[in-house]
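Next come two complexes built around chain A: one with chain B, the other with chain C.
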Partner chain A sequence: MKRKNNAFFRWFFGEEDTLIGKVEMKAQPEYEQKEGEIRELMEERAQLREQIYDVRDNTKLKLFHKMYNIAAVIFCITLISILLVNVSWLPHYGDGDNPVNNEVSARYIESGLQETGAVNIVTGMILDYRAFDTFGESNVLFIATVTVLILMRLDKEKKAPAKPGVEVYSKAEDDMTMTIAEAQANDRIYEPKNDAILQKVAGFLVPIIFIFGIYVVLNGHLSPGGGFSGGAIIGAGLILYLNAFGFEKTERFFTEKTYKWICFVALTFYCLAKSYSFFTGANHLESGIPLGTPGAIVSSGLILPLNICVGMVVACTMYAFYALFRKGGF
Partner chain B sequence: MNIFAYILMGFLIVCAISVTFSKKLLNSILIFMSYSLIMSIIWMLLESPDLAITEAAVGAGVTSVLFFVTLKKINAMMGEDEQNEKEE
Partner chain C sequence: MILEWIRFIVGTIILCCGLLIFALEVFGVFRFDFVLNRMHAAAMGDTLGIGISLIGLIIFSGFNFTSLKMFLVVIFLWFASPVSSHLIGRLEVTTDEELENYCEIEDNCQP
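Moving on, here comes the complex of A and B:
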């Protein structure tokens, strides 16, 4: 396939970055001050202060400073008391006439089971009535990982020194930035490598944690829990496994590519499934997806697959956060 | 049951205050972790087990682990040997 050879396409295929050397931060010239100058400046400032404010004899200023502290305390106390008074005006906890108990929640509680097929009303609410909110939440998690990736990512190799003639602030000169190999070496300073106790305990615990997490995800529509909690449990198990056995073991099954594909597939499936459901099932049209018998594991329509999607995204995100914070890549 | 809830609330307040007043960052994180655990028990008492599971997994587990890693990154977590060297 032939493609056009203009600047945009060259940028798109990664051959040339037209912005290099134009938008980078330039290093500031270092500001130097001699000791004599500093002393002069300090004397000048003290003189000015005495001339303007007349610190020794000015009783007004002293009073002002005292009053300032007292006023600050009074302001804080007033603010706290106003807020506390407001709290006392809030409706009483657990009262039947609270504004929370309106027709919306009554509808959810009364006909949630027939309409969504989920025994757990909470899951029926967040993954059926308000599935779009949950979709936004999972996207937020993904975006957060991308942001952390931008901030914490390290280079595979040291950057080459900048071209002569182009003064660019290059990060490679700083001591703070490391390459991935250096970060990996630095990673184990405080920890013993291949700790026997930790490895034995992790060998017992990690499978149990994984199975519990998968149970919580799969039973989201039957028992407490769901995609987010189960995903967090699986992510915590992954972190424990990583701590015990190191990055070499986890990289056999979880790399950046795995993360990318899992998040992409899960979020796309969620988006397509839910948009389909909005087209057909909203406004009480027939959705065509059988709800099944409430209480069975394969029931309640789309909630089970959506739960699995959310769980996968959350588990991968937790692990990715940890790996990025620790090593700057995974 | 009511007394148990009040005891937990008291612990919660004590934890919240001592997080801000403890001088070592490591201790603050540990206290924050126990805060999350107590909070998850309170969620159980308030009959919302969904939130309790999430609070225990995210609040007490993942968040504090991330805090630990951050402490290590900024070199604020000193081993005992280094501390002894400093005192000498």
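Moving on, here comes the complex of A and C:
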């Protein structure tokens, strides 16, 4: 096929950038204020403060303050009464005729236990009936971490001198980028350092927090809890450990590589397992996953491993957010 | 029956004591000006207030698994709250440049 030689095709095949020379960023001249202007501004401000905010003599201002208070109270009372009237018009809690009591919730309540095997019906819903929704949520966490990584990450080594030919357009941008070594020298970023009280208490509390988080994750299908809450607890424990002992100790067991692999394995396992389950379910095949006895810890089919996956992703995301915002890498 | 009433009254009194301490805490947090004073008031609510309120709730609920959980909550908060107050105080001492205006500083003080 002979290709047309117009601007679009040349741009499409990468031969020519049509925007070069037409749309370009230009560095703006630095904004400078003259000393006289600044003094004028300050005088103006002082005048304002003296004449207008002089509460003792300015009767108008006094009146305004009084009216302001009265109006604020009236506004608050009106808002509260509007909201209360609205609430009183809502349907009664637990009424049989409420719009939420439709065939969907009836189905969940009646046959949720037989179909999912989870005693906690909420977990049965979010990890069995609507498992792909939860999968999307876990992916949202992962993508959010990746975005923060793009924005906040610092260079591992000393930043390279600007290459010849590559111009640095603004000076401010050049100053903002900090290397790891500079960040380590900056005391505020690494505060507090080696606090004995914090270390003692963290050494006592962190294992308990981890055990509690693991308990919440593993009992997601039996009691309130599950991957999200348990993962948040484990992530909080990791952050406490990091605060007490510093990055050097946490990097012995949790680095960027660990994060990458945990998220990758957990999300892939979730996707494959639930795809298999949905595929067999949609085609009326036997999935071969035993549901077990409801109430036992190893029961309800895929819900327990999926809970573990979600918990790992959430814990890693919490820790990664903290490490990225504090140091720009982990 | 009379035992139930005694339990109810004792629990209510202790719970009200806890709420009173919380009210004092909120009052102190808004009334004081300096960070360390406010931190003192806030830490009081998180330790003494929580402890007394949850003891009242434990008396209400009796001796069972729920009261054990509440006891563990008390222990956890007694560990966590003073330490966080300590960290806030340390950060304030480290970063505040006008600390001498508010309190005395010993010469051998090492923040």
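Simple rule for what comes next: the second predicted complex is superposed on the first by the 215 of 330 C-alpha atoms of A that agree within 3 Å, B and C clash if a C-alpha of one lies under 4 Å from a C-alpha of the other, contacts with A are read in each partner's own complex, and residues count from 1 in each chain.
Convention: a residue touches a chain if its C-beta (ideal position, glycine included) is under 8 Å from a C-beta of that chain, and two chains touch if they have at least 3 such contacts.
Quantities reported herein were computed from a predicted structural model and do not represent experimental measurements.
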item: First, second, both or neither for A:52, with chain B first and chain C second; value: neither
item: Contacts of A:100 with chain B and chain C, given as first, second, both or neither; value: neither
item: Touched partner set for A:239, first chain B, second chain C, both or neither; value: first
item: First (chain B), second (chain C), both or neither touched by A:205; value: second
item: Chain B versus chain C as contact partner of A:23, first or second or both or neither; value: neither
item: First, second, both or neither for A:197, with chain B first and chain C second; value: second
item: Chain B versus chain C as contact partner of A:229, first or second or both or neither; value: first
item: Which superposed partner A:216 touches (first chain B, second chain C, both, neither); value: first
item: Partner with the higher number of touched chain A residues, chain C or chain B; value: B
item: Shared chain A contacts, counted only where both chain B and chain C touch the same residue; value: none
item: Interfacial residue positions of chain A with respect to chain C in the complex; value: 191-192, 195, 197-198, 201, 204-205, 208
item: Of chain A, residues touching chain B in the complex; value: 120, 122-123, 190, 216, 224-226, 228-229, 232-233, 235-236, 239, 318, 321-322, 325-326
item: Parts of chain B lying in touch with chain A, wherever the complex brings them together; value: 48-50, 52-54, 57-58, 61-62, 65-66, 69-70, 72-73, 77, 79
item: Residues of chain C defined as touching chain A within the complex; value: 76, 79-80, 83, 86-87, 90-91, 94
